[in-house]
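In order of appearance the chains are A, B, C, D, E and F, and numbering begins at 1 in each one.
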Amino acid sequence: MPNIVEEFNEYRAKMNDKILADNNKIIKRIFNLDTNAYQAGALDVKTKELLGLVASAVLRCDDCIRYHLENSYKAGLSKEEVVEALSIATLVGGTIVIPHLRRAYEYWDALEQQG
Amino acid sequence: MPNIVEEFNEYRAKMNDKILADNNKIIKRIFNLDTNAYQAGALDVKTKELLGLVASAVLRCDDCIRYHLENSYKAGLSKEEVVEALSIATLVGGTIVIPHLRRAYEYWDALEQQG
Amino acid sequence: MPNIVEEFNEYRAKMNDKILADNNKIIKRIFNLDTNAYQAGALDVKTKELLGLVASAVLRCDDCIRYHLENSYKAGLSKEEVVEALSIATLVGGTIVIPHLRRAYEYWDALEQQG
Amino acid sequence: MPNIVEEFNEYRAKMNDKILADNNKIIKRIFNLDTNAYQAGALDVKTKELLGLVASAVLRCDDCIRYHLENSYKAGLSKEEVVEALSIATLVGGTIVIPHLRRAYEYWDALEQQG
Amino acid sequence: MPNIVEEFNEYRAKMNDKILADNNKIIKRIFNLDTNAYQAGALDVKTKELLGLVASAVLRCDDCIRYHLENSYKAGLSKEEVVEALSIATLVGGTIVIPHLRRAYEYWDALEQQG
Amino acid sequence: MPNIVEEFNEYRAKMNDKILADNNKIIKRIFNLDTNAYQAGALDVKTKELLGLVASAVLRCDDCIRYHLENSYKAGLSKEEVVEALSIATLVGGTIVIPHLRRAYEYWDALEQQG
């Protein structure tokens, strides 16, 4: 059985390396901001990861959802907290979010199985 | 040859079961509304399915398109009616809808072959 | 009291004239398609106007909603039918559609008052 | 000087009343869910309001942003917390979020002046 | 007659000042990138402004369209070039772009009148 | 190793044939416009392909990105020019564009290897 967590992370890492090796200054800085924005500040890391998750869900970006699900999992957020955040995303973004909700559930299961 | 209709419906049913078993009240109610909204009222079922299809197409949600294509097929809508609805979606939503139009044609063919 | 129906139609007509006078071939053809797409075919005019309305609502384009509300009104669609179409748009597109729903109700009222 | 907070809330209340008086079951239930979804559960009210705010910001819905800004203000969130949430929205959603950021700042100022 | 170019620029400048005075590091860097990204590089300034204009048009952000129209005008792009770029945006983004096209024409006229 | 360029082009050609054989007048004309819009006019072919690419990227349509990457490659645009256009798309459209950027890099590599 393919491990969807490993598969995603390997492809992501490989292509990010190619993109960053290319030295486009704007893209490199956006990648840099993407790391900094989720560090603790006035809001803690857990809250920020949920914000990133909900933004990704309403914009319906599966890869972005996976990335924030993994970070949420590592930050110690419970499934119940994550699902409650996703319920707000589904309400605000409508039933077109539901297919992404299915894949989010599948990915969270894979994160839990991997431990 | 994989049957894209069966594959989609199996994954959809399996994940919907997981989501609903989770008992998040907001998500359960949205799923419930999603069933009720397409029942006959001031508008008949055929019209409502076409409305769901066009909304899904301009928002470019392949899984949502598949779901409404199958319901449209079962409700007895002809291919010509479905394509005319999709032509409006392509005009309103622009040429970025075209890749979804390709996959919609493929799915409709699969529905017809399955009968 | 400003008449929002007249105001919208005057601005729309004035600017459409400027755009079409400019003779960009692609834009002129898109305008032309926009007229043809809603004429009776496999689907009748009422159904097509509702499809245009729902597409406009989930894509959250107030001017497009106004345009299709007026055409729906002229085609003889009842408020109940229009609202039922908008309820599907709100479910599929989520609560971000609600502000557009408010303005749609206001515009429909203005259409009814104008008769 | 017009008070943008009062103006928004008056229009919102007036049109919501009209919509709910209309008795479309689907729309009424979505309005109902919209109230329930932001109540304390696994996540507290402050976090949920920030989730609603970020979802609204990346989907670029000014009225939704205003609504969640007012609720965030009433829930006791600080400007620094709100701005940090909006900074994530601007990064995830891109520079097209900036015009909405401008109007969000203006609205927050009006909320503070009103007290 | 209100000057829509001045009005837009004054509001934009005033609110940008407030946002930047607030010292959120992520937002400040995004504003900074927004200036750098349109400077000459492998592509010249004119091409980059048209890219910014088309991105703004298909994402239907009126303020972003205005900003890039003014920069396009100052960079010496002709109306014909700008309209040709907008025709691609209207084709790719669909007829929901048309209301933004109307306002773009109005703004370009104001830029020409102002000289 | 599957060739992602060939795979995409074969599926695209096969389904476009089916769609066009279906003789829906609106869809046929949109396909026709899609060919005409990128021909040299006030703007040259290279600029127009970059406009199509950026529009596709901010609207996050992978198939549309692939199509314009191939046309950009054939029109003689350099990787540096293409990446600079994509950097503007990533800035305007936000970090949700990044997953599409990864796949764009992968596709460009495949185009270069195929020569």
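The criterion applied here is as follows: contacts are C-beta pairs under 8 Å (C-beta built on N, C-alpha and C of every residue); 3 or more make two chains touch, one makes a residue touch a chain.
As the structure is a prediction and not an experimental result, all values here were calculated from the model.
Chemist: Expressed in ° and rounded to a multiple of 5, what is the rotation angle of the C-alpha superposition of subunit C on subunit F?
Modeler: Value: 180 degrees, nearest 5.
Chemist: Which of B-D, B-E or C-D has the same interface as A-C, meaning more than half of the contact pairs match by residue number?
Modeler: More than half of the contact pairs of A-C reappear in B-E.
Chemist: Which chain's C-alpha centroid is most distant from that of subunit A?
Modeler: So the farthest one, by centre of C-alpha atoms, is C.
Chemist: In angstrom, rounded to a whole number, how far apart do the mean CA points of subunit D and subunit F lie?
Modeler: It comes to 37 Å between the two C-alpha centres.
Chemist: Averaging only over C-alpha atoms, locate the centres of subunit E and subunit F and give their separation in whole Å.
Modeler: 23
Chemist: Whole-Å distance, subunit D centre to subunit E centre, using C-alpha means?
Modeler: So the centroids are 26 Å from each other.
Chemist: Going by the contact rule already set, what residues in subunit A reach two or more other chains?
Modeler: Subunit A, residues with two or more chain partners: 26, 30, 33-34, 37, 55-56, 58-59, 64, 83-84, 87-88, 90-93, 95-96.
Chemist: Viewed as a graph of touching chains, is the assembly arranged as a line, ring, star, complete set, or other?
Modeler: Topology of touching chains reads as complete, every chain touching all others.
Chemist: Could you please specify the touching residues of subunit A with respect to subunit E in the complex?
Modeler: Those in contact with subunit E are residues 25-26, 29-30, 33, 36-37.
Chemist: Spell out the part of subunit E that touches subunit D in their complex, as residue ranges.
Modeler: Touching subunit D from subunit E are residues 11-12, 15-16, 18-19, 22, 24, 26-27, 30-31, 34, 55-56, 59, 61-64.
Chemist: Given the complex with subunit F, which residues does subunit D contribute to the contact?
Modeler: Residues of subunit D touching subunit F: 58, 90-97.
Chemist: Can you tell me which positions in subunit B touch subunit F when the two form their complex?
Modeler: Spelled out, the residues of subunit B in touch with subunit F are 60, 79, 83-84, 86-88, 90-91, 95-96, 98-99, 101-103, 105-106, 109.
Chemist: Spell out the residues on subunit F that touch subunit E in their complex, using ranges where they run on.
Modeler: 30, 33-34, 37-38, 41-43, 47-48, 50-52, 54-56, 58-59, 64, 78, 80-81, 83-85, 87-89, 91-93
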